[in-house]
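By written order: A, B, C and D. Residues from 1 in each chain.
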Amino acid sequence: METSQRDEQFYRSMVRMRAVETELLALSSAGQLRGSLHLAQGQEALPAGAGAALRKDDYVTATYRGHGYVLAKGGPLLPIIAEILGKAAGLGGGKGGKMHLFDLEYGILGTNGIVGAAVGTAAGAAWAAQLQKTDRVALTVCGDGALNQGHVSECMNMAVLYQLPLIILCENNLYSEMTPLSRSHGDVNLAGRAAGFGLNTAQVDGNDPEAVYQVMSEAVNRARTGGGPTFIEAATYRTIGHYQADSGIGYRTAEEVEAWRAKSPLDRWAAKLGKRAPAIAAEEQAAVRAVFEEALALPGPDPLAAGTQVFA
Amino acid sequence: METSQRDEQFYRSMVRMRAVETELLALSSAGQLRGSLHLAQGQEALPAGAGAALRKDDYVTATYRGHGYVLAKGGPLLPIIAEILGKAAGLGGGKGGKMHLFDLEYGILGTNGIVGAAVGTAAGAAWAAQLQKTDRVALTVCGDGALNQGHVSECMNMAVLYQLPLIILCENNLYSEMTPLSRSHGDVNLAGRAAGFGLNTAQVDGNDPEAVYQVMSEAVNRARTGGGPTFIEAATYRTIGHYQADSGIGYRTAEEVEAWRAKSPLDRWAAKLGKRAPAIAAEEQAAVRAVFEEALALPGPDPLAAGTQVFA
Amino acid sequence: MSQMSVVEATNAALRQELARDPKVFVYGEDVAHYGGMFRVTDGLLRDFGADRVIDTPISESGFLGMGLGAAMAGMRPVAELMFIDFSLVAMDQLLNNIAKTHYMSGGSVPVPLTIITQGGGYRGAAAQHSQMLEALLLHLPGLKVVLPSNAADAKGLLAAAIRDDNPVVFINHKQLFGAKSEVPDGEHVVPLGQARTMREGTDVTLFTYSYLVGMGMQAAEEAATQGVSVEVVDLRTLNPLDWETIAASVTKTHRVVIAHEAHLRCGVGVDLSHQIQSRLFDELDAPIQVVAALDAPIPFAKELEDVVLPSPARLLEACLGAVHG
Amino acid sequence: MSQMSVVEATNAALRQELARDPKVFVYGEDVAHYGGMFRVTDGLLRDFGADRVIDTPISESGFLGMGLGAAMAGMRPVAELMFIDFSLVAMDQLLNNIAKTHYMSGGSVPVPLTIITQGGGYRGAAAQHSQMLEALLLHLPGLKVVLPSNAADAKGLLAAAIRDDNPVVFINHKQLFGAKSEVPDGEHVVPLGQARTMREGTDVTLFTYSYLVGMGMQAAEEAATQGVSVEVVDLRTLNPLDWETIAASVTKTHRVVIAHEAHLRCGVGVDLSHQIQSRLFDELDAPIQVVAALDAPIPFAKELEDVVLPSPARLLEACLGAVHG
């Protein structure tokens, strides 16, 4: 794909994700959406760039904030939105919910509510791909804070040991919930920690989808060709609160948030696409709105289903 | 203390430890000792050197193979041996056993049967020392394999974050049980992994008690004076099996074992002390034997004690 | 007395104990500068300083292990686990180490560590953020486990937990956080191991705790209108259990319902059920019923969660069933 | 039929399934080159190659998480946890992830992962290496749990576990590893969820599993000499439970003893006790008794371990007590 085509694709992808989040936030504010909602405004370049570097049959696991990666993997929107809304037609029949999106057909092996826990799943899928002698790769997305879960360290070591076709994309948004890097990491050089385990590492501007795409493509190519795992530290920022009930201010200065808003990948790519941008945005927003309308009208799960599917 | 005095102290300490292990192995072989026995033959220089660098009021935690550190901390021998033999007069009244030695008076906060688990305990004691504004330090001893427990990674990060007065002494004996470093670590540079977390690091010949003492003293001094934690990678080798039922051969070549036997710290220090060595050794061995005789004659715990002391 | 929410009462207990004993310190994720995800530690950093109230990384296994070490070294740490669901990443520290240290040391090493956390569903938080896991903590000996059902108990039981020389896990319920009720001003300590009879009754005893105490009271009221007198006992502490109060109530009503939000299998309900039937078999006029979560992970959708988790209707049905057979 | 130890039978099941299905692979600490701490995987690397039998670091949380991912991606992994005590460092993967994935995915993602491990005491291995932790795995829905009491079942149940599309934890007992008995040659599969009546009896039923089945048989024999006829049922699978066999035996003998080595509180014994009394209350002529470990961590010294862990004498006493009151 040419750069200009990719630019449009990135923009579409980011606008779509923002539109989905806007709808969800409205529903949540209106009391029409249960539970916590972890949005990723400001971080849209990452799923956009990463998703473009993957094949349909590659694997992805991500966090409670990872719906963007699910969208960017290319599966149909309706079952994803339906699951987030807790509908019977959702990916998980309404059982999983927002934090637990699975879609085997598109290689989505789960967003996950436990910090760090999804890294093992992706490493295992990468292991399977290797043992099956396919050239599939697995991407796992985690936060800066997640590196402090021992599970992640264990998997980093095994990824190197087995030379797994795994990419760990670390969204360094400078905070774990309300705690900044300086109060959670003895050494804030995240790529340096990964390098200590022997991983290939890269650092990237996480607010630049093209840069993310390039560094991901390199890592994906390395993984596909037996070159082993890569850890990517992506600098980014959520310009919104940790979850719907958090203003995002107080533990962060207004200036800091503003400075990062100014680096919004959506705005950057809108500027890049120039006059074409508004029409593209409108198109994506309309498509998302249509899916929400359809999804909202769907029936909820049959209460009788509550006890089923515990076992296969 | 002068070097020559220290040399004698090291030798005594190592001989004592070997003598204790020899008695234990004999008892185990004779079916007079229950459970697994994890000996540390070949690794005696580490407790000898490390113990000499600590004060009585410093803290120590170690592994199932860590009785040497308990001995080297300086507490009376009888309650230690009595506990290993499961006697009422043992440190834990026979409840803990070999893998679970505690002695608050000497800062022994537990040998531990779970790989890696004792690192948190020591880090917490170091934290307490810091919060109490004392200059106590904590030493935790773990194996090369233990670095692959996520818990240890978590503690390494926090040790740096809080600048804890903690020393992690990693006994790199090249194997986790029967599995060599090359099949358990993606990158065999253990100090490098620790450096990735921001720890001060050092590498040392773990079969040289004086070298261990020096590197430990530096780390202890740093910790006492607010300079933060240190990770020490000590190269060593157990010249015996992982536990009493393991020959130590098969997964390791006879040549490899022999090559390391030739580096035995006991032999090196015997040579160093020259003619003085045999008398010192005999003295220590006799003392150990006397303690075993005394301990073996002690009564076992009262069965009625089984249900007590679950809670304070 | 003041009207306080459970969050405020929990905060008040922490303040009371921080002020009382310099060995106490409070730590966990987002607890210091932010004041806690649920505001339980609000203002503590400001009032007690950076040596007493400390933020941690997302390293539950590491920081609970450190709590153990700090407790052994003379402190009285209070660790916050943000959700009890996350106890699972730290189970080895909890059950292999914290719970066993005093015993393994032959009673020579006390472990005055308190862990405060919260659990529970009914909010669409789905399978990994809605659990009640007290049974896991009770199966292996060595931990005390406390679950308040109201603000006064939150304050008093937490104070007792912190003063206890043993590891105690103190579990709030997220549905109760905002619930206001009267809390004694000044020093308030509720001894561990005392159940509380919330409502006297003669036909059947409902043993429960935490959020379900309120549901139980509702069910009891409704049952009364149907001519059934339900005694409601808030267990408050699951280890130690207040066997005296339990036995007295069983020998009075001869019919028992036990209700909790956690899963049935190997849960607290079957545990208490067995203890009652094995010790008071001849006192029982009807089978003991346990109301618990259905045997499925907690689902996200409301239609499903409503089925899986206990409801006042299910409690009522069990109480009536125990009486009418 | 051949005489085989439980270790050999477990090894035979692994061989059978490795040969049968290329998706099966076996991994864990020391399992490949060394052949397993307990020789359970002896020779598998040689016979099936390095892609099928793999050594891991000491990273139970990581490698069980990887088992989950590999199972989702089309493999049928068999992970060895060297001691079940170490499951505690991996509980989040086991209970928050492995157990819940199929349900959270709305049934769309099967998790054909088998975990083989061993537990149990009686060997002076002390508090962290002697536990039976099956109750922790049963409390939260989503895992099947299997505990063989003999070599034939070890082979047949493990084969069934590996073929099952769900996560199954298969728990051997260290005291049984060397125990030899007859094992069917060739393909041998014992369906999960079927208890087995080891000895018919009329006065009292003893439900048990794993190592205590042998103790139960001993107790039954001794009871017979004292005129008490004990039916001994080996539960074999704790989830799913074979309720039919259980109910049939209770309605026959009307007296029940349940025995296991794990702790009492929130254990399998109280679980089964409650299920029996709540469903078959009128069938019971005596209180159900549960024989379990005393409420203390497993101590090291023999004098103490003998008191904490169940013994044939305690089983006998419970059976006689159930009959004579």
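Note that a residue touches a chain if its C-beta (ideal position, glycine included) is under 8 Å from a C-beta of that chain, and two chains touch if they have at least 3 such contacts.
Because the structure is predicted, anything quoted here is derived from the model rather than measured.
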item	value
Chain hops separating chain C from chain A, counting only touching neighbours	1
Farthest-lying chain, centroid of Cα atoms versus that of chain C	B
Distance from the mean Cα position of chain B to that of chain A, given in whole angstrom	45
Whole-Å gap between the CA centroids of chain B and chain D	35
Geometric centre distance via CA averages, chain D-chain C, whole Å	30
Chain B and chain C, separation of their C-alpha mean positions in angstrom	39
Chain D, residues touching no fewer than two other chains	56-57, 59, 61-62, 85-86, 88-89, 92, 96, 103-104, 126-128, 141-142, 295-297, 299
Junction residues of chain A, two or more chains touched	92, 94-96, 100, 112-114, 117, 148-151, 154, 157-158, 161, 183-185, 308, 310
Arrangement of touching chains [line / ring / star / complete / other]	complete
Chain A residues within the chain C interface of the complex	34-36, 86-87, 92, 94-100, 112-117, 145-146, 148-151, 176-179, 183-185, 250-251, 300-308, 310
Chain A contact footprint on chain D (complex, rising order)	25, 51, 54, 56-57, 59, 61-75, 77, 92-93, 96-97, 101-111, 141-142, 144, 165-166
Complex contact set, residues of chain B against chain C	59, 61, 83, 90-96, 100, 102-104, 109-110, 112-114, 117, 119-129, 131-132, 138, 150-151, 154-155, 157-158, 161-162, 308-312
Contacting residues of chain B [partner chain A, same complex]	148-154, 156-161, 183-187, 189, 192-199
For the chain C and chain D complex, residues of the former touching the latter	61, 85-86, 88-89, 91-92, 94-96, 99-100, 103-104, 126-128, 131, 133, 135-136, 138-142, 239, 262-263, 265-271, 273-275, 277-279, 281, 286-290, 295-297, 299
